[in-house]
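Both complexes shown next keep chain A, but they swap its partner, so chain B is in the first and chain C is in the second.
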Partner chain A sequence: MVTNHDTRTRSLPKAILLTLPILLLMALMVTGGQPVPTEPIRLIPLIVAYVFTVGLFFLIVYTGRTHRYRSVLFVIYAVAFVMTFIPNLFELRGSMAISETEMIQGHTPFCHMVIPMTAIPAALSRTIIFPGSMLEGFAAIGSMLVLWLGASITLGRGWCSWACFYGGLDEGFSKIGRKPLWKNIDRRWTYLPFAVLLVVALASTATLSPQYCAWLCPFKTVTEYAEVTSATTLVQAVVFVSLFAGLVVVLPILTKRRTQCGLFCPMGAFQSFTNKLNIFDVRIDPDKCVRCGKCEKVCPTFSMDEGSIRRGKTRLTCTKCGRCIDECPKGAISYHVKGTPAGARPRLARLLFVYPAFLFLAIMGSGMIQGAVYRVLLLATTGRLVE
Partner chain B sequence: MVLANGFLLGLASGGACLAYCAPVLVPYLLGEDRTMRGSALLVGSFLGGRLVGYLAFATMAWMTQVALVQDLPHRTIVTGVITVGLALLLIAYGFAGPMRDCRTSCASVAVRRFQMPRPRLTPVLLGLLTGASLCPPFLLAFGSAAQLPQLWQSLLFFIAFFLGTSVYLLPLPFVGLAGRHDAIRTVGRLAAGVVGLFYLYSGIMSVIAGIQ
Partner chain C sequence: MSRIKAFLGYSCAIFAVPLVLATFMGYELLAGELVALTGLHVHPIYSGGEVAQTIQYEHYQTLIHRPVFDGLLGQRERGFIQIRWQMTDANLPQSLDEQVDFDADGSNDFRIHVDTATQEARIEALDRRVLSVGQVFHVPDGRIVRVHLRRTSQ
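Moving on to the complex of A and B:
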């Protein structure tokens, strides 16, 4: 029997040919244009990251499955980020906790989660309400804003499935277990991220401080948190750990969905609006669709419902992860370039989206994977995770 | 003079008042399906409640002669209790509201049964509790009003202060127009609940701090 996916498979020579641009670009990206290092502890991570990312792109092109291989890289990228970031913090300051003095000195790394709550105060007062440096390295405010802007134009909310170094964590946990134990989630909760966005934007503007970072970020648990020195910072730490345990670990396992991304993340809600600017979207061909509802059941971010299927589109919150496209038994769902007829040349539309999206993920991910493999080798050779 | 002082103090600190009131009022306005007139009425009810809160405190200010402002432990307890009341109201409005017609197992029977007893009074209550929650501009007014020799002067001062701060809230009925879309209404209600959770924490911490 010929399945939907068999019809999407490309011939081997064609798949190799289509992988060539990524092969060359990634060679440039993983080396950073520098000579290849000769010490094994630097060379091995580079080779691992290169072969791994290029290999996954080849599989995406060859098999016609986007989500399956994107997801592997996305989850490993998130884990690698944590494995790289935490030892870096220990090297810098000997702890994951940041003191008030260091915050005042502007040593807090900036991450994209803060963007929605800094946008309004920045527009009103020309002040970025974040204690970080503007132009100092990867985690500086300037570089993160440029990265985010580039990804938003290219991917829209695809950022959340192809670039966000946190999304991979709840995607990873959502893959544990075979079937969801909790299926009936009231769809009204899918509006909660927009509510959280509204509240943090209002509260941050009112107090001129990044309220999401101070109170709600689950990822403080696995990155950096304010030093616990008072009842308030203790409560904040308890909130971070509880949110991480609930939204990133337990609920994804129970529901097999990305609950932090789909039910809480205000950055994701903010990013949803960039889907309107982005030229790619996901469309459903009404002639092929048999209303089996499988896409609705598997969508990790609750971006498909009866209404959206009827309209032949995803909801605004679609992260373009490709899961529904992979799973649709009739091949009725495809990536689409806005302005072209729906369902027209879906393979080409997919390639046009996957090239920049994968490149973004691979460039960010390969750096983290190199860092993580380096840490593992360092541990194996010296017995220490930090230099 | 009393009127001018109160009004000018209100105008000068109205921005801060907006910052304190907007997180309560904006989600509430978005959560209601109202016309421009309806939204203006809601803001009016909210402001009315706030005025009642102000006048109650004006009376108290005059009677206690700043004693409450200077008595930090009792002040934090009073603030905390009022904030907890405000928080509970917001949580009930935000989370019980969207769940009223929830047909799935997610909403417990208790939550589904919970209904706002007098929805028409909600904006008045929100205004009353927000007005009485001792925000920094309010404390300024409280201190000034307490120095006045007559009760009527204290009341007049607070009325003028209220008018001065209300100027900043006048554009808010336009926000309410967005609540005509189902999705935005749901977002508004949930946002009210989230604000309520934050206030609940703040209120409890204030009470604990006051007791300690």
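Moving on to the complex of A and C:
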């Protein structure tokens, strides 16, 4: 029987050899080309992040399983992001709440979720409707746009499974429990993110204010939110917490899917269109497929259905997480380089995708992991989470 | 043809790794290039618009921005003008008084008074386009105030 283990690198020396580029590149990226710090509180997080990321890449190559080890890093990356970001905010301004004074100075950190809302005003008037800074300070708009552009060209909507620092939260909660308690989700819900995208993009354009950030972003709960100074900001805070509890915690546990990413996120919907430009996709070999439907059941973002299986490719919303590839009992699903025959050289196609994708995740993730381990060490040695 | 497509496909795929490295290694430089190339800037309703006048005093300076009525494509009926008092070598005086001629027609359009101890602002409108004054923002190097305006005097 042909299985997904086709992509496994059976030879240990070969797996080590294939890990070598990541070993060297991560050494450069983790240190930022600077001398290795000597203080244990800085050195230990660096070593942990380096060994952990390189170790996971080795396992991806050696075992042939992409999703299993990507997911470990992706979830830890998201948790580490929260563990790093919140103490940073407390150090910076003593609170998770951002005041109007911070906003008027352009100190609001820009995140990728804002991009779909800024697209129309940027196209029409070359202005960004966000109270941040183009180039100065933490999470400047220009830097975030460059990261997003780089990821969109190399990964397409793979951004959502290999780069987004929020996606790992609902992915993490979706791993709680063995079986889904809620299985039959009407497929029409999968169009909701596109509706949310349309509404927030138009509303933001009309009001010149990023409406998803103001009203609907569940991740405000674990990052920052507008200071509660009025009934409006109080309602907004309640909406953020409710959406976080519903879409990021409860529904992923019940469905074992990434419900925020697959059923609500407008950035995800926006990012789906970059899959059209991206060189990588996921293909299903109709000769090997036995229509067992397992891929449809396990896809975290509802990107497989009967129609897509019939067409031999995933839906536009595929985040290239590799779950279907790992789970397919017949090895019928594989990463694919556009322009090449479907199903041709799946091991090569997988490696060509996994190198840039993992590198993106590992570089973003290692910074956050270093930050989180540093906070844990700080807590252990001083009893405080902030400096 | 299929060989050419496959060659191009694999070439693009191989190019992905250097692109990721370039993204991370040069993102500050690339961000500057991107902003310069596209002319993207923060919308004036957030940035306050360009500084139109700077008035120097002994220990501080007053930066008067241009009036902002910018909509997406045209002008909006309601807008504001941002004024920033910036310390240069000492603390701001407790009382700040400024007369502002925002349309540069030679006559003052409003007079504003800010108490830097209580963060209270009062405004005396000398033109019908001047509506009210917003809150006083206490920033590290001074104070910022926005005065609400309407575009026409009708």
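FYI, the second predicted complex is superposed on the first by the 378 of 387 C-alpha atoms of A that agree within 3 Å, B and C clash if a C-alpha of one lies under 4 Å from a C-alpha of the other, contacts with A are read in each partner's own complex, and residues count from 1 in each chain.
The working rule: contacts are C-beta pairs under 8 Å (C-beta built on N, C-alpha and C of every residue); 3 or more make two chains touch, one makes a residue touch a chain.
What you are looking at is a predicted structure, and each value in this text was computed from that prediction instead of being measured.
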Mind working out whether A:205 is in touch with chain B, chain C, both or neither, as first, second, both or neither?
both
A:235 contacts which: chain B (first), chain C (second), both, neither?
first
Once the shared chain is lined up, is A:356 touching chain B (first), chain C (second), both, or neither of them?
second
Where does A:188 make contact in the superposed view: on chain B (first), on chain C (second), on both, or on neither?
first
Answer with first, second, both or neither: which of chain B and chain C does A:196 touch in the superposed model?
first
More chain A residues in contact - chain B or chain C
C
Taking the superposition on A as described, I'd like to know which of chain B and chain C A:179 touches: first, second, both or neither.
neither
If we overlay the two complexes on their shared chain A, which of chain B and chain C does A:104 touch? Say first, second, both or neither.
second
So in the superposed three-chain picture, is A:143 touching just chain B, just chain C, both, or none of them (first/second/both/neither)?
second
Contact residues of chain A, present in both the chain B and the chain C interface
205-206
What residues of chain A sit close enough to touch chain C in their complex?
21, 25, 29, 100-101, 103-106, 121-122, 124-135, 140-143, 145-147, 149-151, 153-154, 205-206, 208, 279-280, 337-341, 344, 349, 352-353, 355-356, 359-360, 363
Flag every residue of chain B that touches chain A in the complex, lowest number first.
19-20, 22-23, 26-27, 30, 98-99, 102, 104-107, 183, 186-191, 193-195, 198, 201, 205, 208
The answer for chain C against chain A in the complex is residues 2, 5-6, 8-10, 12-14, 16-17, 19-24, 27-28, 30-32, 34-35, 38-48, 70-73, 135, 137-139, 144
Which of the residues in chain A come into contact with chain B in the complex?
184-186, 188-189, 191-192, 194-196, 198-199, 202-203, 205-207, 215, 231-232, 235
